[in-house]
Amino acid sequence: MRPPARKGSARGRVSSSKKRGAKKERSDRSGGVGRTDPASASQLEQFVGLSVILTGFGVAELWGTGMVPTYRALIPSIVGEAHFGELLTRWRDIAIRGSGDLDYLEELVTTELLQDDKLGPIARNVATLWYLGMWYQLPAAWRNVHGANARDTTFVVSSQSYSSGLVWTAMHTHPPAAKQPGYASWALPPGSRGAT
Amino acid sequence: MDIETPADLRRHLQWALELEHATIPPYLCALYSIPDGANATAAALIRSVVMEEMLHMTLVANLLNAIGASPKIDDPRFVPSYPTFLPHSDDAFKVHLLPFGERAIDTFLDIERPAKPKAKPQPQDYHTIGQFYEALHDAFVRLTDKGKKEKALFKGDPKQQVSGTDLYYGGGGEPIHVEDLRSATRALEEISEQGEGLDHTIFDGDERFGQTDELAHYFRFNEIRLGRRYLPSDTPAGGPTGPELPVDWAARYPMGADPKAKDYEDQPEIHRMMVEFNGGYTRLLRTLHRAFNGAPTVLIEAVPLMYDLKYRAQALMTIPSGRDDGTTVGPSFEFVP
Amino acid sequence: MTAARRPTERFDAIVVGAGPIGAHVAKGLSAQRKRVLLIEAGRASGLTWEGYRSYVENYHTAVVKEPNSPYPQNESAPSPMAADILRIQKGTPDLVGYQVERGPQGFGSTYLRSLGGTSLHWLGTTPRHLPNDFRINTLYGVGVDWPVTYDELQEYYCEAEWSIGVSANRDDQEKLGVWFPEGYDYPMERIPPSYSDQVIAEATAGLKVELAGRAYAVVVSSLAQARNSIPRKGYEPVGAVGNPEMGKRCEGNASCIPICPVQAKYSSLKTIAALDPDYVTIMTQTVVTKLTIGPNGRIDGVEYLQYDEEGGPTSPGSATATIFVVAGHAVENAKLLLASGAANSSDQVGRNLMDHPFFYTWALARESMGSFRGPGQTSGIESLRDGEFRSEFAAFRIDLGNWGWDIVNFPPNGDVTGVNPSVPGAGLANNMFGRRLRSYLGDTLPRQVRIGFDIEQLPEARNRVTISREYKDAIGCFRPVIDYSVSDYTWQAMVEAIGISRAVYQAMGIPDDQTFLKPPANLPDERNFRARDGKDHLLHFVGAGHHIGTHRMGLSRTSSVVDRNSRSWDHENLYIVGCGSLPTTATANPTLTAIATTLMSVKDMLTQLR
């Protein structure tokens, strides 16, 4: 069920980059780390934007994992270009309507994306890719309706994806057996620099 | 102008400290621009050089402390702004912060280039680092005046010396406890020989310091540059004649040259990451300062800081710079006052 | 290292098994210029840096990060895998896994058959046994006494600690009767206590608990462990095999179980790599199937099967020597002896199988503990490892875990996915995503505390490893068949552990609703136990991976398999060494004590090789 329109929201209007002042956008063929207007964002930028909202990590932080191109290519290779395209289109629509209001944006993501039978499981998998470096096999209910791809099994994408899992950063630590923080770091109070 | 007095010597040793440190950010940028798993041999070689440069800093700190001087590290003036000439050199070439590549390695070769045989010691405006250290050594000899002034010169507190258990970075070597001319000579020899080689050979003579002989830095870089390993029988003139050393020059994150935090003020997330890196780097320098100024056991605190910087640097290396040239961001190694 | 395929020379000793025990036998004998054939069933990949890194990569990409996850299952020399064990229905032969379990209690511990053995995946915990541990029958009327005392073993403890490299401070360890010779100290300084340890130590300062009517102090102290730290005079830390500058200090990888990526943790790869090839010949991928017994009762040879490819064809062979040393792990040793009809006039081979049932409780502290950092354990509570109460229930060594609720619900995956999260309602399945998910992970998981109890278990003849013609592996060797149970002596200690946990969590100021002292219902193998006070407690434990007792040493040939030197009563040139020789579990992880008894045994072996 869609939430009621909010006063002053950007719903229904094309983006509000103008509201934030006239800073020139940095260009974006590389997928862009500056703020980009959702309406004109490339697929890659949309994918990164969706990942930002799903993970709670920033654009630069996501790029800093080195995994953006890998995940961008992996997902459609498992769920198909059509489903991936639909996911990004739904996101684009949500992003335009929720632009400038993060709380509202998250509400839309919950009700119109995560709770969607077709796109919800894929969106959740985008989040688990970022957080854990793992792809989880889509639920049987999804596979029965939308297709079971041979590549759709539960697996860790690579050693690098494991090491780049954001869950460890969120937990203020590091992935076991990777990115080790050094001798005696565990004795430091959490939150001190180098604690990890 | 020769090094005439202990005060001169202190000043020139401080220059040595700046010099050793100035090479580290460029080496680290090259190293951290190599993705995990790629160019494994080249990365290991660069890493081994970095470890030894850190040892050199420690040795210079021990030399300073041995003559009762205070190493000064926690100061913006200690940190060069890249691109830079090597501190107090003859300004023959500039050193940039660059990703791994032929240009970076060529610079490293310039930095570590051995002096020609019979080259004169040069206390400033030096042509090679080896000639600078030669001048330092001569100064120590002159100032101890055949032993007569040795005790007066080496008046520092032995407790300020950094020892082998204080410093462990995985293979740089043992710091030498400096307390007299003999140990000062050893320390200076270790530095210059690890860099340019012992007696105009390709090796660093580390066996004399209780480690295995390894290639001097210049020759390690040459192996990478030429894609070929040295055999023990090779000479500097003859070049490496051993097996191939595979190098994939393209397997690196294309960090833009000499990044600066202020260039990214209009990309706040990136800017914040750069400032955080620089904050961590500054904190590391302050920790080293404390350790080299009477609290050597504090070096243990430097270890987690160094590891943390590595991961931050690697993250910055993979972020597109947002310019249209395909470059990525990279760490700027700027001192945050 | 290429394995010698068919050595033709005569050996002084054949040693079966290249884990820490076999490696130390080979080391001790070869140091005296005896010729040793060291035979290992598993592979040697860990000896090259590249091979070892492939293990690390296996771990990174493993979906289930269990203790053997870096080390791929080897059809020709299989090891028990945790995933298989958890699936086992007691009393039903398992068609996929290696271990067959008859129950009544599940036996959940794994080991590893490989060059390096279980020391590849162990945590590296190495406290000494206490002097009283060797005499619990005399002192407390339970279990059995050992045929050696702490005083006799003491010098071998020192030797073992310097051989494998143990980090500890003498004054932390000099408690409960543990004594050291004048001037002795451990080769390396104690591993720095974690932030979490420091918080708990401060909170529990002065805390006492009551066990069987007496008060005991709760004291947090540093854990002795075989993990590289700052060396003391006279010791040089041993780094990684094939990359010696790596691993000379612990770097905080926080993955000790199942693998230390830099080899700061001891594994017998280090001992093996330093063996003199002039005296030691190593054969890997060679499974010893039988000891052949001569007419005079001496062992006169071993039969083996070699394989080039795992799961591929095998070719048989045999070898002979003056003495034979079976050092292939408690379970495998028992299997081999039973298969050979050897060493069993006492009928004790395979019997008295023991583990440390590992009981655990968990809680959510009010503030971050910095969990999920550092070695798995850096401090513990060792002050309850001995006392009068041992006449009534078991003692325990308390493990203050550094890895959050690790064995409880295997975080953090479930907290991200929302499948069995630490807090109900968390995770993606519950529509927690983005900023909220990130905050939840950052606020909650670092507050996780888990306390574990390595509890003593008494020897019982009915707990055993046997073999059966019905259960064989891919190359025709016997699979281990396990009968296992836990007695009230140990269950009661778990009840006591609940009380101790409660006291510790309360001292930390953790409210009751954030402390978890009993397992969720419906875990396999949980037990509703009626304690001495008449109350019922729901209890659950996991295996600690400590296989003990299956060829125990003793004073009498009728009730033990080997003598105090681990020499078989029945075959004068046969030694059976390792944790299987230890007659009781006490509360210390067994490997250090097993190495110490092995070093003592090596002295006896040399008397046969003059």
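Should a chain be cited, it is by its letter among A, B and C, assigned in written order, with residues numbered from 1 in that chain.
Please note the rule applied: a contact is a pair of C-beta atoms (placed from the backbone, for glycine too) under 8 Å apart; a residue touches a chain by one contact, two chains touch by 3 or more.
Just so you know, these numbers come straight off a predicted model, no measurement behind them.
Judged by the touch criterion defined above, the protein chains are all mutually in contact, each touching every other. Chains joined by the most contact pairs: A-C.
Distance between chain centres (mean CA atoms), chain B to chain C: 44 Å. Per-chain CA centroids place chain A at a distance of 40 Å from chain B.
Counting only residues that touch two or more partner chains, chain C has 249, 251. Of all residues in chain A, those that touch two or more other chains are 159, 163, 174, 180-185, 188, 195-196.
Residue positions of chain B with contacts to 2 or more other chains are 168, 307.
Chain B contributes residues 35-37, 168, 266-267, 269-270, 273, 279-280, 283, 300-301, 303-308, 311, 314-316, 318-320, 322-324, 326 to its touches with chain A in the complex.
The touching residues of chain A, when paired with chain B in their complex, are 23-24, 26-34, 58-61, 63-66, 159-160, 163, 174, 179-185, 188, 193-196.
Chain contact summary for the complex, chain C toward chain B: residues 230-231, 245-246, 248-249, 251. Those residues of chain B that touch chain C in the shared complex are 165, 168, 170-171, 307.
The touching residues of chain C, when paired with chain A in their complex, are 56-57, 59-63, 65, 192-195, 198, 229, 249-255, 259, 261-262, 368-375, 378, 402, 412-413, 415-417, 428-429, 431, 433-439, 441-442, 445-446.
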